[in-house]
Amino acid sequence: MKNDEKILEIKHLKKKYDDTVILNDININIYKGEVVVVLGPSGCGKSTLLRCINGLETIQEGGIYLNGEKISNQDKKMHFVRQKIGMVFQSYDLFPHLTIVENILLGPIKAQGRDKKDATQEAEKLLERVGLLDKRNSYPRQLSGGQKQRVAIVRALCMHPQVMLFDEITAALDPEMVREVLDVMLELAKEGGTMVIVTHEMQFARAIADRIIFLDQSRIIEESTPQEFFENPKTSRAKQFLNVFDFEVVKHSDSNK
Amino acid sequence: MKNDEKILEIKHLKKKYDDTVILNDININIYKGEVVVVLGPSGCGKSTLLRCINGLETIQEGGIYLNGEKISNQDKKMHFVRQKIGMVFQSYDLFPHLTIVENILLGPIKAQGRDKKDATQEAEKLLERVGLLDKRNSYPRQLSGGQKQRVAIVRALCMHPQVMLFDEITAALDPEMVREVLDVMLELAKEGGTMVIVTHEMQFARAIADRIIFLDQSRIIEESTPQEFFENPKTSRAKQFLNVFDFEVVKHSDSNK
Amino acid sequence: MQDLGIRVLFEGKNLIRLLGGLWVTLRISLLSAAISIVLGILLGMVMNRKNPITRAITRVYLEFIRIMPQLVLLFLVYFGLTKAFGINLTGETAAVIVFSIWGTAEMGDLVRGALQSIPKHQYESGKAIGLTQLQIYCYIIIPQTIRRLLPLAINLITRMIKTTSLIVLIGVVEMVKVGQQIIEANRLTVPSASLWVYAFIFFLYFIVCYPISRLSACLEKRWKN
Amino acid sequence: LTGCASSSKVTNDVSSEQKTETTDTQKDDNAKEETSNGTARTLEQIKESGEIVIGVFSDKKPFGYVDENGEYQGYDVYLGNRIAKDLGVEVEYVPVEAASRVEYLVTAKVDIILANFTVTKERAEQVDFALPYMKVALGIVSPDSALITDASQLNGKTLIVSKGTTAETYFTENYPEVELLKFDQYSEAYNALLDGRGDALSTDNTEVLAWALENDGFSVGVDALGNIDTIAPAVQKGNTELLEWINNEIVSLADESFFHKDYVETLAPVYGDAADPESLVVEGGVIEQ
Amino acid sequence: MDIQFISKYLPMYVEAARLTVFIAFIGILFSVLLGFICSLIRYIKIPILHKIVDIYIELSRNTPLLIQLFFLYFGLPKIGIRLSSESCAIAGLVFLGGSYMAEAFRSGLESIPNIQRESGLSIGLTKMQVFLYIILPQAVTVSIPAFSANVIFLIKETSVFSAVALADLMYVAKDLIGLYYKTDEALLMLVMAYLVILLPVSIIFTLIERKMRYAGFGNQSSF
């Protein structure tokens, strides 16, 4: 569900750690309701890109704009900006000393100063949607990995972000749990949420994406629809990357020692 | 590559932890050169099965036989038996205080009492095959996850085991590393090694297996060829299990709020 | 007065005497540390057994040592033992005994912790390559335990060195005592000697302990993973 | 005077009683085990071993201290050296603490204590004193601004003393109202007085007189408090032979005015004019008041 | 064993024990405060201050308390600062304890993974809020074992205060040995006194620690 309202603009972004360039001349526009999946080999800078968007890293050149307003390298007002950008990380990043519902409410109440009753009601509604209402007073350690990631998504959602960033949030999960988390994301996508997703689940990427961005060696190499990208990658690097996920059957009856 | 020589026989195996039955009446025969993949939902007892075979767990009923000789619950001679059964675990289980080559040689030299020069030569040959000869004097912490698992495989191989057991050895790896490890296993399979593999990589399972064993709720539910299992599962449980790995495309142009 | 004070340090053999005192300090703490490490390893292995009796005994021993000030232990052994059993101990022997008793408890607890912190899969992968129980201990568990322990053991040495400052109170002539002798010998002529002598002893302790604790911190960092 | 009389009586009683009890078997045991058990060595064993072990102070100048060359010096050590010479043995000095001097003898860590050991009733129950070789009275030094001229003025005030000294015992028994601030070391006690941590300081009068001379603003307001106490060598209870030998030695040393010489050598340089040798030195174990 | 003697001097021990506990309590209270401030300074890396804190911590951790006390008690008056035995004891204990507490808090702060800070930031909290609501509560919990070990260590260290004429338990025991030669009785009472003070402290901390270790957050029932 994509319309013409640009939410996020990334212009000529350059990010260096010390002297190594991690991201170089990155240009991305993200429209309201769009789901963008970022793919690329390990270490190509996908996480770094999301972290730059969320202001967790300063950038060296270019700019990032949210609704036309510059948000890159704005240390002072960054916490306001982050309230509009939700982010979920790979490692279960819930706060272990708070219950599930406290985890979710910390942002709305302390950062946004919302009414506690109001926020609690919403939190519970969201928890119900991801099937975790009964865990509201549990602590994170009492939850499975998949449950934790669903709570992390709810925590981000409860801030009413304009964009959601997901960084390989299923990478550390068992297959069944992967599924329950991805289902929540598919649901969000259906409802028209704007999302930037980094993932290694190719089938999932293909199913959810409006647009695929393929990063390699600190640059955007390909940018296309999922169909095009998976069936007909333009560059050899993308082809090579996709190859990793295919296996040739070992013909046991043929091979012999 | 399967012939009629039975290497491993599991007869009416029953395994309990305290009072909960984890494995119930398991019967499996494994023939020389055969590759058996064990599938099943999380917690169904796949790891426990491999651990029983390797004598890391005592069993409550039934027996396990290697070349016709009973090996279950034989505490005294178990270390001799284990020299004939190689096992690789999910967690990188290299010994952190030894270099790569020392890790590999510990078994052949100390457990089998082999000649050091001989064993070293073989270890180096094996390392070369998995592309890690240059790391021979590194320590495990200097290796990536995929490299560590390849070393773990070499460590098991160097003992000349008759059967190799692999327990989700790629579960904690990045996709590219998954590939490099699985490739090593495919290679072994081609050469006619006898293997029992637990994995969550369905494509890989399909490619490498001679036979699939599907475990659920402590029993063997299905036992068939990969083709049959993936294309035409007999039980509804297996269907449900395989479903987890399929995604329906979210039609963004259709769904709208 | 102030310049007079520092002069005291360089009179006659005073400097050498203070260093001699430092040697006594080091001798006692290194000897005790060595004994503690050996006995502590044994104790740690005993504590790891599941036998309830040894557990109870070691627990009481550990708890008693943990909460008794070292100075009290020194008095107990130095005066108490002699009196109760008519055993005649020199202050230095008493100090070594006390420090060894104390250090063994500390070390034992560290060893127990280190043994328990070796992940279970290390034992299992040792088994999986066909090693016997003994071989697993020799080649896998003990070397790894030592890496975890060494920094802590070295740390124990600095703590022993610092604690030797107490043995002056049971009359052992070590660095502090020599310092007091110097102060006393000059008390009528150089009243500010105490400032300088104590500052110098403070400095000597620091010079000795600082490198050792740095070494321990370095090793710990290096062997962390 | 009374203190002396009572102590020497105790000494004599004990020596006459226990003279016969030292048997040959005991000697043999001791010879083997040296000082490893709680029984002191006999005179014979000491001579045999060629070395006598004497407990002295290492930090009480000018009675027993270690000089800047690491040598033991002082009034007590002067006597110790002579005893060793006359016994024909080497001497080993063991530094002792005021509070643990009795323990050193009881547990046979030393053969003799020559550490400014004041003769008291309680101590005489634990050890055997030989004839005295010195006498002292207590003195009290205090700041000129609030000079203490009588011990009773101290009631409710803080008096600084050194642990294990006669002053500590004396005030604990006779002036329980006086608050005592106790230090292990003399210098610590003096420093405490200088720093104003107490109203006065009490110890042997010779000592305070000498100190007051060096420190302006302080004077000795009381220079002879209580009874005159005697200071004597001590040995383990029942070690009669050694005790007798020391007594004889002290008596015979009177012929050469040994302790006057001792005074000139060790105390005079420190105390100078502050003290009179006659108020301090005892020759031949005889107190002449 | 002289029961009469024991009962006669028991009040002295009670008084001394009270003093020991008092000094230890005040000293530990301020140690915690100082340690907390120092660890904050190091955590935030306040420019010059954090170097000073580093030096303080190394000095304090690598020298014995006894010498620190002698210095405070006999050294400082020479430059015109005179502290009473009590203040000296407290100052010494705080000087020593501050660094130990700082290290305990530091290891707590360092043990909190960076992802916790980042996810706090990413839900729009300010840096201050992240510290207060996320880092601090976790760090304090993690430091509890080290903290309790330090408390026991510091209470034990009070035994050296007798050296600066503070009438604590050790001082009384030494007195009785020196004056009356009742070694057995004096030592027995000394050991009992420390047991009475430290055993409850040790047990309470063991319980708290166990609760923290096995239960963590939100599994109190398992304890």
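Going by the order they are written in, the chains are A, B, C, D and E; count residues from 1 in each one.
The rule is simple: contacts are C-beta pairs under 8 Å (C-beta built on N, C-alpha and C of every residue); 3 or more make two chains touch, one makes a residue touch a chain.
Treat the numbers as computed from the prediction; the structure is a model and nothing was measured.
Counting only chains that touch, the fewest steps needed to get from chain A to chain D is 2. Chains that touch both chain C and chain E are the following: D. Taking the mean of C-alpha positions as each chain's centre, the chain lying farthest from the centre of chain A is D.
When each chain is reduced to the average of its Cα atoms, D sits farthest from chain B. Chain B and chain E have centres, each the mean of its CA atoms, that are 53 Å apart. Distance from the chain C centre to the chain D centre is 36 Å, each centre being the mean of its Cα atoms. One finds 84 Å separating the Cα centroids of chain B and chain D. In chain D, 100, 103, 184, 188, 191, 194 are the positions where the chain touches two or more neighbouring chains simultaneously. Each of the following residues of chain C touches two or more other chains: 79, 83, 169, 194. Among the residues of chain E, those touching two or more other chains are numbered 74, 163, 174, 177, 183.
Of all possible chain pairings, those that touch are A-B, A-E, B-C, C-D, C-E, D-E. Those residues of chain D whose C-beta lies close enough to touch chain E in the complex are 98-100, 102-103, 122, 126, 163-164, 168-169, 172, 181-184, 188, 191-192, 194-197. Put simply, chain B touches chain C in their complex at residues 54-56, 78-83, 85-87, 89, 91, 93-98, 106-107, 110-112, 141, 152, 155-156, 159. For chain C in complex with chain D, the touching residues are 11-14, 16-17, 20, 79, 82-83, 86-88, 90, 169-171, 173, 177-178, 180-185, 187-189, 191, 193-194.
By the touch criterion given at the top, residues 58-59, 61-68, 70-71, 74-75, 78, 152, 156-160, 163, 170, 173-174, 177, 183-184, 187, 190-191, 194-195, 198-199, 201-202 of chain E touch chain C in their complex. Put simply, chain E touches chain A in their complex at residues 113, 115-116, 118-127, 129, 133-134, 137-138, 141, 216-219.
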